[in-house]
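Dropping a structure here in structure tokens format, bear with me for questions.
Chain nomenclature is as follows: A, B, C and D, assigned in order of appearance, with residue numbering initiated at 1 for each chain independently.
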Amino acid sequence: MKRIALISTGGTIEKTYDELSGVLANNISVLDVMLASLELRGIAITRVQLMNKDSLDMSPADHTLIAETAIRMASDYAGVVVVHGTDRLAVSGHRIVELAPTPKSPIVFTGAMRPYALRSTDALQNLTEALLAVQLLSPGVYVAMHNQVLQFPGVTKDKGLGTFVKEPA
Amino acid sequence: MKRIALISTGGTIEKTYDELSGVLANNISVLDVMLASLELRGIAITRVQLMNKDSLDMSPADHTLIAETAIRMASDYAGVVVVHGTDRLAVSGHRIVELAPTPKSPIVFTGAMRPYALRSTDALQNLTEALLAVQLLSPGVYVAMHNQVLQFPGVTKDKGLGTFVKEPA
Amino acid sequence: MKRIALISTGGTIEKTYDELSGVLANNISVLDVMLASLELRGIAITRVQLMNKDSLDMSPADHTLIAETAIRMASDYAGVVVVHGTDRLAVSGHRIVELAPTPKSPIVFTGAMRPYALRSTDALQNLTEALLAVQLLSPGVYVAMHNQVLQFPGVTKDKGLGTFVKEPA
Amino acid sequence: MKRIALISTGGTIEKTYDELSGVLANNISVLDVMLASLELRGIAITRVQLMNKDSLDMSPADHTLIAETAIRMASDYAGVVVVHGTDRLAVSGHRIVELAPTPKSPIVFTGAMRPYALRSTDALQNLTEALLAVQLLSPGVYVAMHNQVLQFPGVTKDKGLGTFVKEPA
């Protein structure tokens, strides 16, 4: 049984709909609902709810806190998954690479372009991929999303494509 | 085979999610998707896409246009269903009562508190109810939503309850 | 607040999937899950789990028990909804008409061609319709399904069409 | 862009519901619907519909055909995913190991305990995992399911657990 840490920070993946205002907000964690809908054999997950922010609202201190928490847990667990808003996901990813170029176990970021609350969500796909990739990859920092695993550094969000891409070297 | 007119005007029920801005907007009609997911025996539906507005953006002329269209189609069809944003739904409903206290066939408004795009939508329930109620009610103006049929005049949205209620006489 | 009795007897609508045998069976009532997914304003439901049978397995005594229970509850409630397997639904419906041509309040049968457990189910649509129709109809015995309300006697399942039809008089 | 071959053979994952008989059967491929619901960046999939059988109905010749097709495509593609009924999945997997202990690229089997047609399906999770694992694994024969990757030989279905396990060596 592999021990995996799952750090949640908020982002689109966890947004829920507020009837009164008609907008999507980061109010309640839906990660537990998503995890309950998956069959997870062979891993034991430790949940860490570090913060619950749209990543556009994250400060440099937030990114550093996320990076330090992930690095620390990578020493204690067989792998770390970080659920993160996609807009500033790469900032947290690169912060880890600066602080710890080679973490003790793989750190895999994921997120979503469309909240779990939507029928057409990509949240379950991406969480599924991150939880599998973290078991198969060698130590390093990655994003897993849309059936693609990309390794930091040099990863950026392509807003036009709505996904992550590797910057040309 | 009963001939039913279905007038769409926009509102939460038809809102879709825009990945780039992260908000829900009235861009594309999803009524056809909803209709395709229901089994509708015994009625033939004529679709009229009159406008596609959040009802908070409707002008008095919009409400009058909706009312006049519904009244006119009530003369030609066995019933009329109007899909409408809930915030100003009662304004259009009362406008019909002013212009035509007794339409030729039942006119049933419906809408949704949570868009069809959401897993937890009430859109399908409400559309199902309106399409059935319009076959069973006597001529008049109504809202069908949340397993409840209320007759105009005297109907108002209770924002706290998130549903329609009958005003005390 | 209208008081409605909801009698469940089993049938396709409540079938669940057994992983081991790979078949759909009447094991667990899913009516509570369906009811929780609807917004029901203005009615108070009393649940009666009378039996849990595929209607093909119902005996004449079963049909009589269903009919007598529905008739008795029609005297105490503003309406009665009966969830029933579609294959023998009409047998129970006609049994009521024999025993009580005019019940005290409307008795509305419903069921499903495709279990709630399936994505493409018609169960939620049909339950929604029965719960609304029972509030709008005059006393009598009906089936509500597929956006259609038919009154007993003279109702039969058309297996080819996969729905209920009215027999020619 | 990685070129991946996707061989379908039938099994629970593709079963659909037959209203008339009330059973789940292997009639129509639903793999295309599943693929359309995923965002697949970075891979190009070639579909091969080899057969459409409940694996309990597979003959030794069927297992050999599946094995030979997978081995041949492993030479031409960056990876091969095989969708297969779980009951005899391990027979096809071991047949590959007998015929080609080291295929040219990874061959990843997957399947489902509950058809895609069910709300509670594990089909999308398992397909997502197989399509990601095939990009990350070294050449060999595997099953990816329930957030777990197991390598042949020595893999067996545990009917009690409802998943695959590694036999003690």
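Everything below uses one rule, namely that a residue touches a chain if its C-beta (ideal position, glycine included) is under 8 Å from a C-beta of that chain, and two chains touch if they have at least 3 such contacts.
Bear in mind that the values here come from a model prediction, so they are computed numbers and not experimental data.
Student: Suppose you hop from chain A to any chain it touches, then on again the same way; how many hops at least until you reach chain C?
Tutor: Graph distance in the chain contact network comes out at 2.
Student: Using mean Cα positions as chain centres, tell me which chain lies farthest from chain D.
Tutor: Following the centroid criterion, the farthest chain would be B.
Student: If you average the CA atoms of chain B and of chain C, how far apart do the two points sit, in angstrom?
Tutor: Centres of chain B and chain C (C-alpha means) sit 27 Å apart.
Student: Measuring from the mean C-alpha position of chain B to the mean C-alpha position of chain D, what distance in angstrom results?
Tutor: Centres of chain B and chain D (C-alpha means) sit 46 Å apart.
Student: What whole-number Å value describes the gap between the mean CA coordinates of chain A and chain B?
Tutor: Going by mean C-alpha positions, chain A sits 40 Å from chain B.
Student: Indicate the residues of chain B shared as contacts by at least two other chains.
Tutor: In chain B, no residue touches at least two other chains, as defined above.
Student: Please give all chain pairs that are in touch with each other.
Tutor: Every pair of chains meeting the touch criterion: A-B, A-D, B-C, C-D.
Student: In the complex formed with chain B, which residues of chain C make contact?
Tutor: For chain C paired with chain B, touching residues are 38-43, 122, 124-125, 128-129, 131-133, 135-137, 144, 146-149, 161, 163.
Student: Name, in rising order, each residue of chain A that touches chain B in their complex.
Tutor: Going by the criterion above, the answer is residues 12, 15, 17, 19-20, 22-24, 113-120, 159, 162.
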